[in-house]
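For clarity, chains are labelled A, B, C and D in written order, and residue numbers in each chain start from 1.
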């Protein structure tokens, strides 16, 4: 376990470009593979990512205890060693609980906190706004909003986000709402408000299009498998070379088909399971163990995932040969 | 703060009849009113309830920190003083987190733990079953399942519940699914399986009908306002006096209209807010403060609630007069 | 094809008690089995039902053309021959279209029309109220509202229904919303308004409980398979003999398990498919053909359905013997 | 009323580029303004659109009777006079009913038919596929699939669409699912299958991005207000001038804000209501009457819509002056 020796980056740190949600490697017994996590972070930074998203859905954060979450954040901060900023998810039911979790995480040196609307409760937009305001007032780090209706079962409205941005409550949004129309309106409203918000998309298969639409960056789960492609894609988009961006996106989308290879399993088993299987096949991590109680994806799905990797020439030489 | 001196009731304790979800009185500054909570518990037990449901949705459990939850459980256990069994909600994202919470709660002396399917995650029924199995294996108290799709956004299937009951993983179900057809089938399947499960409904306005359908008890939020009526209703149903049960239910349903008096507010503000306002009007608690960040229901709603109480002759004499 | 020689019953005809939604027997080629339909109607009336619901979901009305719907209604009206009143579904997208359909149906002699909120459109409650008002003004028969959110994807609110009842726009409600709490409040609000509405439930497995709660009748799809049981159940409930009502309900619920025997099929294939298979097994209809493009339930499901019928002694003697 | 004198275009007609869903102008009494409709069609064709989508949601098709639908289709076909192809919506509950409607529409000379999955029914994907197959077999025009989950309440899966395309059942898809990730996968799968499908998006605010992602065209309701902008946008995208495309899209999105000016009304009132108000303000139609029973948007919303038009210099000179 590393110690976070470096001081936190200033509160004005901004997250943009490619900011992968870091997967959490696990040992075969289900415990956290800290050495593997350090290696993964080092790998991602070396590939050129511009920030790290710790303890997101891809990081299986919901499955970990408070103590494990702290250990994961500390490890990621330590391994990134100030080379890129780290934003950490504090996924909890309500504001008081988010604050307690966020305080533990900021103590590890993460540069920003991201959280969702309340879970389990039945709140109005006014109460959701108060939730974010209470959290921002209770923590010592910039706060971001995470909009992921498929998990939270409510959508953060454009008006709410702009209001919170304009008032300095939140500094950015990670949008995983799958609503490109809403995202486009958010970009326009944010521009009209003087751009108080950084806007990241969580949808890794439309990064070229979302960049054209005005996103500031992307949080691609698939970058755990292939970060360099996203860095090239984002660079091309940044310089207005849309044909190159699109070509890179299309290549990555062929890779993204790995998440459709597990059959009849849950969303969590399928998505993170495919990522971990591909990461293991590529030698990025040693084990593809899933957090308890998520089911393994099975050998047949792993074989189909390896075939996709082979087609895209993404297997290490030795593995690729053993595949043939 | 009381200390739970009494030993926990044996694991075979069963919850049946009227088991109210205990509201959590708060002081005007938002902190827990422990003296008020003790008084409420004593009041409920004196009214004749047969068990207490601590840290449920009506208890605003989602809004409290780990430490507050323990304090609430300890207070309820202490005040009930072994006169009725206490089941406590461990509402958390996933199994490891539920286990940690449940262990803290069982240490206060609660007799059973109740929890939901995972929150935030995307799990299959197989994974949800594994979730309950992991929790049961990790705690030292009987486990109940809480089915509340409006908050959890998934329904516990009949097959899942019966399987878990038959295997001794869960001892009962609190059903707040609003699916009377499903509940009826669950009763029949439970009978066919030898009745491994106790079946409680959370829907306080159809207790007579659900009792006819075979429920073992009810968890009525409204009992915080008027427990004696539910005790009379259940007694009538138990002895097969359905006309009396129905008449009592219809009286209670006129009272239940208090929850429709707040307008334009959230579900949490409306339901618990109405209960707390009515409890205060009846002198059962001193303050109707809601947990942060839930909005207050406002003076007009309170006035309409008092009018309903007055109509039903449920205001204390002095208050009733000041109403006129 | 019969001609509806008898005059329509007066507009004050009320539907109460057991009012089955009449299934539509089809020939093996998918065309309507008019002789079979006449026989089914005669059978239901002889079993003691108090009304007939033509062209409902169980009648597969959505799958038939305008001309077929008229033919079905005319056949049911003719075969019932004034012995019981007939209410017919006019299931269409919007008010103008409902009116055209309803006019064609009332010309066949049906006594009342029932319809839903608009389909496909995105309407406000105000617009839904206007929809029912426009229809009532455009037809020459009493109008009923059909609340079936699983198909219409919106719920008719209590306030809307009471308003429409009080204004004489609708005469009753067929509730298939699966919301027993809402139904209970509707009963109470209807009582408070002077009972302008007749209230029927579509949920055949909780008729005893819903009768206790104050329903005026039931529209049980399962009565196509076993009408006499529902008549006995309703009679017991009417005279306050709740133990007998419950016992009959529990017997019928064992029969209702037939709808869970088809596996992996659609809701329409499963429900109506099971009813038709059981009706055929009992000799009530000759063919269990489903409307195009609904899939057949398959021989294995049919075998399981026959086993349930045999257990309940509901197979004809010959068939029962061939079963053994 | 025009007569469709021109022969239908061949079945191989393809719809691509800008294909607006034609609004249906109504007279103040709610009857169809056929002269206004002819004028609108002529206007759209003159602005350079490459096809017309008759009887879509923007055309309020759900609110019209069979006879009105035929009259609308005949008018659009007549006014377009073979200059651009016409595809017409046959929005009905199930396949037999779609076929009857489609046959009436193809008799007016429309070049293709578009329909959705069944409405009201509870069907499996297998049954939905059979639905499209039955329709294609029953009509004499190319069939398109319309994917609009917000109205149909089910999504057409990628596998289903590709299967139907590969088998020649459907010739294209109008995607209004709001799922950009799914659309991107559909583009890729369609490419891999040899491009059997034309793919149009219904989301008018992300046309640049969706064009980059590989769409063949767009069905923009907003083009009823400003068609020329969409033609310029599509031309820029076609020649790979993404900066120009984006700039035009951003201008159109400022215009699209008109649909957020009506407050507290239904989706149908808001969207089409705003379009009609803006069309009237621009002099494209004479009346902004909505189909019964949709509510008018009110004078305040109209004033806000005129202000947006004025800001964008989209009011006619005289109107613009009276605005000032």
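Throughout what follows, a residue touches a chain if its C-beta (ideal position, glycine included) is under 8 Å from a C-beta of that chain, and two chains touch if they have at least 3 such contacts.
Heads up on the chains, UniProt names are A, B, C, D = Dihydrodipicolinate synthase family protein.
Every value quoted in this text rests on a predicted model; they were computed, and no experiment measured them.
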Number of hops, chain A to chain C, where each hop joins two touching chains: 2
Least step count from chain B to chain D, where 1 means the two chains touch: 2
Centroid distance [mean C-alpha coordinates] between chain D and chain A, Å: 37
Sites on chain C at which at least two other chains make contact: none
Sites on chain B touched by chain C in the complex: 178-181, 184-185, 188, 203, 205-206, 208-210, 212-213, 240, 242-243, 246, 250, 253-254
Interface residues, chain B side, partner chain A - complex: 62-66, 68, 91-97, 100, 116, 118-124, 126-127, 130-131, 133-134, 150-153, 265-269, 291-295
